[in-house]
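Below, chain A partners chain B and then partners chain C, in two separate complexes.
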Partner chain A sequence: MSARARRVGLLVVAVIAIAWPAILSDYSRSLATDGLISGLIVLSLVLLTGFVGQISFCQYSFAAVGAFTVGSLVAAHHWSFWLAMPLGVFGAAVVGALVGIPALRLSGLFLTILTVAVALFFDRFILASGTWDAFSGGLSSFVVGRPSFLGVHLDTSYRFYLFVLGTFSLCSLGVWNFRRGKTGRVLRAIRDAEVAASTLGINLTAWKLAAFATSAALAGLAGALLAVSIGSVSTGGYDLVHSLGVAAVATVMGVNSVASAAAGGLFLVFGPEILRHLGVSSQWFNLITGALLIVQLIVTPDGMVTDFQHKLGHLLRHRAARKAPVPATELDVRDDVPVRTGVRS
Partner chain B sequence: MGLPAVLGVNFHLTPGYTVIGIVLGGVYALAAVGLVLIYRVSGVLNFAHGAVAMFATFTAYEVSTVKGAPGWIGAIVAIAVGAALGFAIEYFTIRPLHGRPALVKVVVTIGWLLVLQTAAGLIWGATAYHQPVRLVSRDGFRLVGTDVTVGYDQLTTVIVALIFALAVAALLRYTTLGNAMRAVADNPDTARLWGISVNRVTAASWMVGSAMAAVAGVLITPLIAFDTFSLTVVVIYAFTAALIGRLSSLPMTVVGGFLLGLAQTYPRMFSSLSGTADAVTFALVLLTLGVLFRPGGRKVRVV
Partner chain C sequence: MTPRFSAALLEAEHVTVRFGGVTALDDASLRVNAGEIVGLIGPNGAGKTTFFNCVTGVLKPDTGLVTFDGVEVGGLPPHRRSRLGMARTFQNLQLFSGLTALENLMVAVDAHSSRGMLADAFRTPLALFEERRAEERARALLHFLNLSDRADTLASDLPVGLQRRLDLGRALVGRPRLLLLDEPAAGLDTRETADLAELLLRVRDRFNVTMLLVDHDMALVMRVCDHIYVLDFGKMLTEGPPAEIRQNETVIRAYLGEAVS
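This part shows the complex of A and B:
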């Protein structure tokens, strides 16, 4: 896509994202908010899988770290959300780095076993009722109120939606910038040719750990926001199946593209909702996601959003080319087109 | 007061727990052998292994517990369903991915996990209590010289698990198909030059491996609170046992299965936390990944 088409497209998306929810019902707005929060988790996978080629099936465990830190500090110890949230994000980053340490010496295949084991450990031990009671002191859940932001209390659903939208946009922009700058080149070098990257003096250990920590921090941030969005933190919702589902959706949408984070998040939240409207049990959603994942990996290896961007890009280029031929050199230096790789080992 | 009393440990329970651990371990070993077979021949870490076991087991539950057929008929149905699922996964979704990175194939099996797990939840109820599939009566006998009672179902589980593990070992060692499987595991290209149909052998390994998962699933139903999720996560226990066998050695995998079964059971003597078994599993995964798969360790085929 040309830079101008991209700018116009982004502007249109931004206007729709800000204006449309203003006229939606409270319920739909809260769904959109949750969709963006799930989008943050998909984004954390875009960073980890798409840029570094490492895979994780325990993103909701990282989210749980963020959510429970915020929940316990705000509800039980009366901290401000603005102090608890960074601590939750930091905690998630530390846990992410800890998971990343074995990843340094393992190939991608064995890392999948490790991350599933981590998710199961959180799911069935840390968040199991017995352990959880010891941690929460018998509270069945933490109740978390909405914070204020720059003097504006985020109590209405639209204000909170805008706050989450802003957070999501900033994070997406950050990840997108990573990809375009030196960081992105380093990460791509590590993903595509580890040995070559290390001979260039790239510190593989530090970069991989940083990628894991940043990805987990994004998931932790999503957890912290989820705590505030739902208004309470309890053990449900951070389980292995959720982690597998979000990994599936990220792969279906395409882990190479920042745009798939928004698409994936909204799909995760509105998919079950649409099913419910059609009179189908929302349980079907995971079945559909799994089936989509299988079909997508065979048919469009890069993911649906990436594929769509490609097609759109081709279309726009062809029309532009018919109007005014672009010098060949300009076509050669596009570095914004995702490398056609799919999931890397 | 002695130390055990202070810790609240009931050491007189040890023999009883040992029996439970060995029985669980037998089931894990069986599932893990199937997993290693599939991994060695096709190079795919099959995360749907537990889900296949779960789905096949629930068909046995449908046939035996719900419809009232004898347990062994249910078990045969489960084996057939397991083999059919294994074949379907390999033929329709793994084979088209020939030449793609191994990780892509792993993610496909995650897709199958989601599909099978959700489908079973929709058919049989995700969290409902299910009556186990009984192959033999619940009676038991007293172990000679002790006060430990061993159930006939527990004994059957261990014996059937060992028979199946030995049968696979014999298959690999003494049959043409087994030879072909070992050849493909070592080098698919060379195997092809020798006139072995790599596709057929791979499909066969998926069918045999998945059938073993199905047997393991049926055998485990009297031992655990059995629902769609608890059987699906057995794949992680199978992976743990397989990792102890470095994902290559079948005898060490069986040892790993029994080790895991005992390691999961003993802590229950002094911890009432429900997730203790999973915490122990996690520790074992970390340990095996850290120790057995360290750089500079013995070469492991990573495909």
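This part shows the complex of A and C:
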């Protein structure tokens, strides 16, 4: 896609993202908010799976670290959200790096199983009542109020939506900057050929751990936001099934594209909602996602959003080419490159 | 054996590697002097790749020393050796298939910069500066390799001959002092091999780089190497300049067979 087309597209998306929710109902607005928060978790997978090629089925466990840190500190210890949230994000990053350590030696199926184990460990042990009630709240849940941001209290659904939209946009921009910068190249290089990357001077350990930590930090941030969005933190919402769902949706949308994050997050939240409107139980949503996953893997192996972007870019290029045909005078001058033959003695 | 009198850039002394009961390398020693192109030849399974992996740090020898420019590098991981000025190409290429030709070279420049993820996330002036510099260096090398028109092609979409050139470029772009080439002529026909020989000589002069070359292709090795080591069953059979090796009875028996009679 050309830079100009992308800029125009982004502007349109920004205007819609800011203006449209202003006329929606409170309920739809809060759904959109939760969609963007889920989008952050999809974004964390874009970084981990899309760049480094590591599969994770425990992103919601990282989110739980953020959510319960905020929940326990704000509700039980009256901390400010602005202190608890960074601590939660940092905690998630640390847990992510810890999960990353065994992942240094594992890949593919074995890594997948490891992340499943982490998800179960969190859900069934750490968050189970009786293990660490000060953190998990035991059988009750933590009640968390909305914070203020720069003096503005985020108590209305629109204000909070804008706050989440801003956070999501900044994180997406950051990941997009990773992608087009050194970080993206290095991580994708590691994904494609580890040994070659290390002989070029890339420290595999440091980069993989950094990727895991950053991905987990994004998920942790999502968890912290989810806590204040829902207004309470309780166990059950951060289990393996959620992690599997978000991984499936990230794959369907395309883990290579930053734009998948928004699309995936909104799909995760509005999908079941649309089913409910149609009079179908939202239980069907997982089945539909599964079916989509199969179709997508066959039809658009790179993911739906990625495929759409390719097609759109192609279309725009074609139109531009028709408007202003490029003169075909690009004869490469190759002065210093001999293509000699028959040099054998 | 002809004595050689310049300074050693790479020195491997009494390197032994065992895989279970198999001795892949048995007390093998080798020296590469600055400015030379040294060849390492031997039949399949002689231990060439094992030796290579010991030098680059992919493998740790059981005993023996590997010294690069006077520094013992035996315990250093590959990325540290790279920073000391070693680079290698791969027999099976190992290009970053999902990256473009340009990105494949840029990442080799990136690898030696110390900026981290934060600088990238915020696109600090340093990040932008280094980004531009990496791109300039990558483009200059693409031009040298006659790959300029393929800058934005995915590495996996390039024909094999060009992939091999890109692999060489990726090793060169970090400006190494020692370039290790693992069977660069594998899969090339006679004409392409001849072109490669020319290219390697040009690379040495242009980039002032010392080379250690492992290959089966006698035409290539004889054409470009100043000095040749012969490896057989994990042991160094003999060494010498190409003319001597060509005539060496043991080598002919062990490796060359009828081909050079």
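Following the convention adopted for this analysis, the second predicted complex is superposed on the first by the 315 of 345 C-alpha atoms of A that agree within 3 Å, B and C clash if a C-alpha of one lies under 4 Å from a C-alpha of the other, contacts with A are read in each partner's own complex, and residues count from 1 in each chain.
Please note the rule applied: a contact is a pair of C-beta atoms (placed from the backbone, for glycine too) under 8 Å apart; a residue touches a chain by one contact, two chains touch by 3 or more.
Nothing here was measured: the structure is a model prediction, and the numbers come from that model.
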Chain B versus chain C as contact partner of A:L244, first or second or both or neither: first
First (chain B), second (chain C), both or neither touched by A:V143: neither
Chain B versus chain C as contact partner of A:N203, first or second or both or neither: second
Partner chain in contact with A:L275 - chain B first, chain C second, else both or neither: neither
First, second, both or neither for A:T214, with chain B first and chain C second: second
If touched residues of chain A are counted for chain B and for chain C, the larger one: B
Which superposed partner A:L24 touches (first chain B, second chain C, both, neither): neither
Which superposed partner A:A5 touches (first chain B, second chain C, both, neither): neither
Which superposed partner A:V94 touches (first chain B, second chain C, both, neither): neither
Residues of chain A contacting chain B in one complex and chain C in the other: 342-345
Sites on chain A touched by chain B in the complex: 55, 57, 102, 105-110, 112-114, 116-118, 120-121, 123-126, 128-131, 240-241, 244-245, 247-248, 251, 281, 283-287, 289-294, 297-298, 301, 342-345
Residues of chain A touching chain C in the complex: 174, 177-178, 181-186, 188-189, 191-193, 195-204, 210, 214, 332, 334, 336-345
Residues of chain C that touch chain A when the two form their complex: 56-58, 77-79, 81-83, 86-88, 90, 94-99, 103-104, 106-108, 110-113, 115-117, 120-123, 127, 130-131, 134, 144-146, 148-149, 170-171, 174, 190-191, 194-195, 197-198, 202, 219, 222-223
Complex contact set, residues of chain B against chain A: 45, 47, 93, 96-97, 100-104, 106-108, 110-115, 117-119, 121-122, 126, 229, 233, 236, 239-240, 243, 272-279, 281-282, 285-286, 289-290, 293-295, 302-303
